[in-house]
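Below, chain A partners chain B and then partners chain C, in two separate complexes.
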Partner chain A sequence: MTISCPNNICFVGARGIYKYIFIIKLNNKIREGEAINNRFMDRLGKWRQFLLSPNLVGWLMCMPALVFGVLFFLVPAFVGFLISLYDWDGVTSMTFIGLDNYIEVFKIHRYWNAMLVNWLTFFGCLLTQIPLALFFAITLSKKSPIAKVYRSAIFAPRMLSVAAAGLLWSLVFDPYEGPLNQLLEKIGLESLTFSWLGEPNTALISLLIASSWLYFGFHMIIFMGGLASIPKEYYESVQLDTNNGLMVLWYITIPLLREQFLISFVIVFSGTFGALIGFFSLMTGGGPSGSTELLGLYMVSQAFRANRFGYASAIGVITFFIVFIVLLWPVIQTSRKRLEY
Partner chain B sequence: MKKYSITLLTIVLFVVLGFSAFTAAAEQKIELKVWDVSFNEGYVRWWKNYVKEFNKANPNIEVTYETYETEAFKAKTAASIVAGTMPDIFKLNPGAIAFKYYTEGKVLAIEDLYDVSPYMPGIKEGCSFNGKMIFHPLYMVPFAIYYNKAQFAEAGIDLQKWADPTQPTWDEFIVACDKLKDAGFTPIAIGNASNWPFLAWVWILQNRFGGTKELIDAVSGVGSYTSPGFIKAAEVAQRFAQSGYFPKGFSSIGGNSMYILLTQGNGAMFYFGTWVIGTIKDNAPPGFEYGVFKFPSFPDGNPDSQRDIYSVLTAFAVSSTTKHPEAVAKFLQPLTTSYDVMLSYIKEASVIPAINGILEMAKTAGVDPVMLTVAQHFAEAKHGFGAWDWVLPAPVAEEMLNMSQPLSMGTITPKEFCERLEAKARQK
Partner chain C sequence: MRKQGYQPLRVKKYIFRDLLFHTFYTLVSAATLGPIIWIFMLSFKTKKEFATNPLSLPRSFFLGNYINAFTDSLLTTFFMNSIIVTSIALALILIISTLAGYSLARIKFSSSRILFMIFVMLDGLPIYILIIPLYVMLNFLKLDNYLWGLIFTYVAMRTGVSIIIMRGFFRSIPSYLEDAAKIDGCNLLQSLWYIMLPIVRPGLTVAAIMNFIFVWNEYYLATILLSKMTLFTVPPGLSCSFMGRYTTNWPAMAAGFTLTIIPTFLVFIFLQDKIIKGWSTIDK
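And now, the complex of A and B:
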């Protein structure tokens, strides 16, 4: 800017004003930049803090399991849900049918039969495996050589594969050559020599016996871990008032094993709707007459025999939600009230 | 100097690596994988030997032969087809399910790979779609009733007293069953854990009452699964199953246990395919003698069907994902061109290949006489039909299999069996 002025002083003044305004504006810009820079540095700082923090190590440690879980559980579950909205035989192209598969599932008697079998299996396993496991955990928690031998013997079945265990029990229950019927005949109980896996009335009970033998040792170990963590002072203080073992069990031991009960409950429930499928498939295939057909077996037969992958996926999705809803509530409740000694 | 040495070394390294890759590629063998079902040891032995000899004769081809139990095999194959990971060659039974694989491009037609003229015309038709031969027939397994001669003699049953010693009437057959029961034997060896063995009775009974036309009409939708032949077949089968002729707990007997019921003495008669001949050879105690006769006839049944035979036709399919169709053709073709190979197949595997003239050759080649008898029955039959669980569409087949145990145990009525089958077949 120039101002017409009679002498150089005006010119110098104008330049000065201009410089002053320029400097002010520059300072403002610098302060603005600094502010932006500070915000950037803050954000960068948080990342820097994160990158340098111990949490990163934890996240990196969890990453393989998380990736595995996402790739092999979440993604297939989502794909399964998508397939359930289609009519698909696995060979020809897929036809979108919306929720028709779900509507059909709820109308089929065989589905409700499988649901009933699944719940009966769950309660059967729960009422046999957990009490047995608790009983042996308490009885064998003593430090003696004999107790160690018994603990190993009870846990040993868990070392067998499901296939080996299924084959073993199929031989035990064989109506002609099986040792069970042969023993019953020898002790004069021929009237009890059933075809254990061949009659609808005895097949499910036989499978419950076999699966309890296979799995209760694992629950025993869980309870033993819980028992070992209960402070002895609790028992000592109770013993000042009473020697009644049942009262000690009911008021001290069982409440303090709450988390172990929850773990076992989760394992039994999820196993009934999942892991037991292989065992039941090997031994009876869901028969005779659907008396041991779990939801999982029904789903597999619809997928790989009837070639109805959409319908089978709908059964899978429904089963997933059943398991999720049933297991979510106790897990949340227990995690809120953490047990501390 | 050092710089030049490093450069020279690098060049030499690349040359060596490149040469190795080239030679490795040149030496790389063609690998073929074959999936099959193991139903008796002789069959598996024969195939393993055939593969071994083939690999020896063709050093640039490596064939791997894998066998599985029947029910596990069905699920494995179905899963691999969906996933597109089929082996180069796999076993299946031609029918609605199998032909769908072809129309959807999952399998190749063998007619495009090698000459198919040696096959028997009827078998060729069974493996063809729209006149083109798709599957390679492995063998036919006609069903007949194999019986324990010692238990028959002890029960006082003399086949010569039947009007036709090679085929009793149903009434003569029931009399024989009652005599066996009275003598303390289990008349019928059957294990129905996998559902289809009892259904094999339903299928042949439907054929006796309604004939193959009634079946074809029902499958095509022109007729119905509630036609009189179907209902009567289900009634007779259920009544037979409830008469105490089957072993205790037959619904839980399956797999290999089923095959050895006859040789263990836990069933005097076994309605089954020629596979049982190989099982008897492998498992029967010394001195075990057995005979064979056709499934009983019904004088009041369909006059055209009383000599019909239920026969499993098993084939190999060539996967469309195979990278070496020429090698596959080289592997399969001797099975149609070499009579020596086929004769050894009959003798060791106890199955009947589907090649023209093989039956006549087998008569003079020392093949098991029981096998020859069954082959003769097959040749005399007016019609044959395959396993319904492969012929019917998959959802209908699965529903039928699911109802097998309830029908045999009396928890559903024959009419309900037929009505549910019809409803499933017509469901859209």
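And now, the complex of A and C:
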């Protein structure tokens, strides 16, 4: 915007010149103002650009989820680390003892026993559930209605809560009133009747059977989803080469189910450090002489029974690191690109 | 004489193989469903009948166990608590995971890959390891006398997997729908609300069902993080009111068991396909 000299103003004489100069100055001022204004608008545009930039919008939309993640994973992990540096019974004041809790953890036999039980449970679950699930998924991947019925019968137990399943199986394994022993007596195998959950030798195996019953249908569904996503052409083209079902399974099906294997691995792994704690605590509570004591159970019993919160937190921190390190590889793998032939 | 006209190829019928298949799978189904059906039958037996013949069908239709289950325990309170926890947690999880899933699937920004990895990690990490610091924190914040602490913990636990599901569903929508909305003058939230959400409604139902099953069934966190019995949700309530240290009234327990599994089994019967879809599409 500029102001041009209007015709009706007289520019003759001294006052006229001043008026002229005034108008020039005014124009300059206006130009400056416009420049400032433009600069301001530019900045606003940048601000606007920043507001609508994909980076900010993306982060903002992830923010609520991240906040929950930080508040309930990162902060507790940090708090747990802090507590683990203290000797604390949960009520009275804390005394700082440095890394003594960690040193004590590694010296105690019960901890290593819990660690062993935990890994045994993990490998037991992995070796029972995943082959079973794969077998059932391959044989039940048909479109007949009866296969659908079998499928839903197999994964129905997963609908139970851990509490309900725990009650059910502690009744089944009950030495006096449980149906398992009564069934054995009826058949005439009275010598085999056993206090299944009361003996250190059988407790873990009984629990593994029960947890496989609860979970393998879930893995079956995951594998069925993976099988459905394999294109039919692969199988058609392999028909030209071989008719051997096992070879097809080994060279086509299993490599293409890599992602499902990873997911199942993660679920089983985090299950033994997580959801199975509830199941085991209900049925045996750590079991006869620690034979079914998972790390989580040991940790919780140290905290709430022995009132040693610092020591329990030290176990928690170590377990957290183990789980984190083991999970890193599958997590990176699952967020990579899909495998294709 | 030879037959004329169309003759179908003779299909070899594997009668023996089919028979083997069906008997095998009937046995497997009996093994998986059998205990549940047996405990359902047990709930109609008296204590005496259970002691004499536990394995047979119930002789009479005895409802005393169900009445006992309601009168002897706080079952109605447990159900109310569970309903409150489940509904609030579900609403929060769905809102949060829709926003994050949309952002990770649709908005192209540099750190989306790392963010996704963080969420996959959060899904994998069991929160049970952090149960002691969580307990201490909730005690410190005086949240252990309310259901809020548990609700927020569930939300934190389940956002990871819900984000993975929602991201998958958002990615399956063609991008030109959104471009058209942009040309018509929608901003981002408008296009999310008016265009994308109606299309990903199946994804939302899948996520809702899966989270419903999880939250309704969660047991161990609820026992530790809730301080009073009047705050318990259904699973810890079930275990604490029907399982005695030395003697357990098994038929009453069976009645409680049957009552508490009704909601999830209703979902299972009517929305089975959605559950399967949810479980089988936990991929990228």
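By definition in this document, the second predicted complex is superposed on the first by the 272 of 341 C-alpha atoms of A that agree within 3 Å, B and C clash if a C-alpha of one lies under 4 Å from a C-alpha of the other, contacts with A are read in each partner's own complex, and residues count from 1 in each chain.
Here is the rule we go by: a residue touches a chain if its C-beta (ideal position, glycine included) is under 8 Å from a C-beta of that chain, and two chains touch if they have at least 3 such contacts.
No experiment lies behind these values; they were computed from the predicted model shown.
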{"item": "In the superposition, chain B vs chain C on chain A residues touched", "value": "C"}
{"item": "Which of chain B and chain C A:P288 touches, first, second, both or neither", "value": "first"}
{"item": "First (chain B), second (chain C), both or neither touched by A:A306", "value": "first"}
{"item": "Contacts of A:L168 with chain B and chain C, given as first, second, both or neither", "value": "second"}
{"item": "Partner chain in contact with A:A203 - chain B first, chain C second, else both or neither", "value": "first"}
{"item": "Touched partner set for A:V79, first chain B, second chain C, both or neither", "value": "second"}
{"item": "Partner chain(s) touched by A:R110 [first = chain B, second = chain C, both, neither]", "value": "first"}
{"item": "Touched partner set for A:S141, first chain B, second chain C, both or neither", "value": "neither"}
{"item": "Contacts on chain A seen with chain B and repeated with chain C across the two complexes", "value": "90, 300, 303-304, 309"}
{"item": "Chain A residues within the chain B interface of the complex", "value": "89-92, 110, 173-176, 194-200, 203, 284-285, 287-290, 300-309"}
{"item": "Contact set on chain C toward chain A in their complex", "value": "21-22, 25, 28-29, 31-33, 35-36, 38-39, 50-51, 54-55, 95-97, 99-100, 102-104, 107-113, 115-122, 124-137, 152-153, 155-157, 159-160, 163, 188, 213, 216-220, 223-224, 234-236, 238-239, 242-243, 248, 250, 253, 257, 260-261, 264-265, 267-268, 272, 275-276, 279-284"}
{"item": "Residue numbers on chain B that touch chain A, as the complex places them", "value": "71, 74-75, 78-79, 81-82, 97, 100-101, 104, 106, 193-195, 247-254, 257, 264, 266, 394-395, 397-399, 401-402, 405-406, 409, 411"}
{"item": "Contact set on chain A toward chain C in their complex", "value": "52, 54-55, 57-62, 64-66, 68-69, 71-73, 75-77, 79-80, 83, 90, 136, 139-140, 146, 149-157, 159-164, 166-172, 177, 179, 182-183, 186, 213, 217-218, 221-222, 224-226, 228-229, 259, 263, 266, 269-271, 273-275, 277-278, 281-282, 296, 299-300, 303-304, 309, 312-313, 316, 319-320, 323-324, 327-328, 330-332, 334-335, 338"}
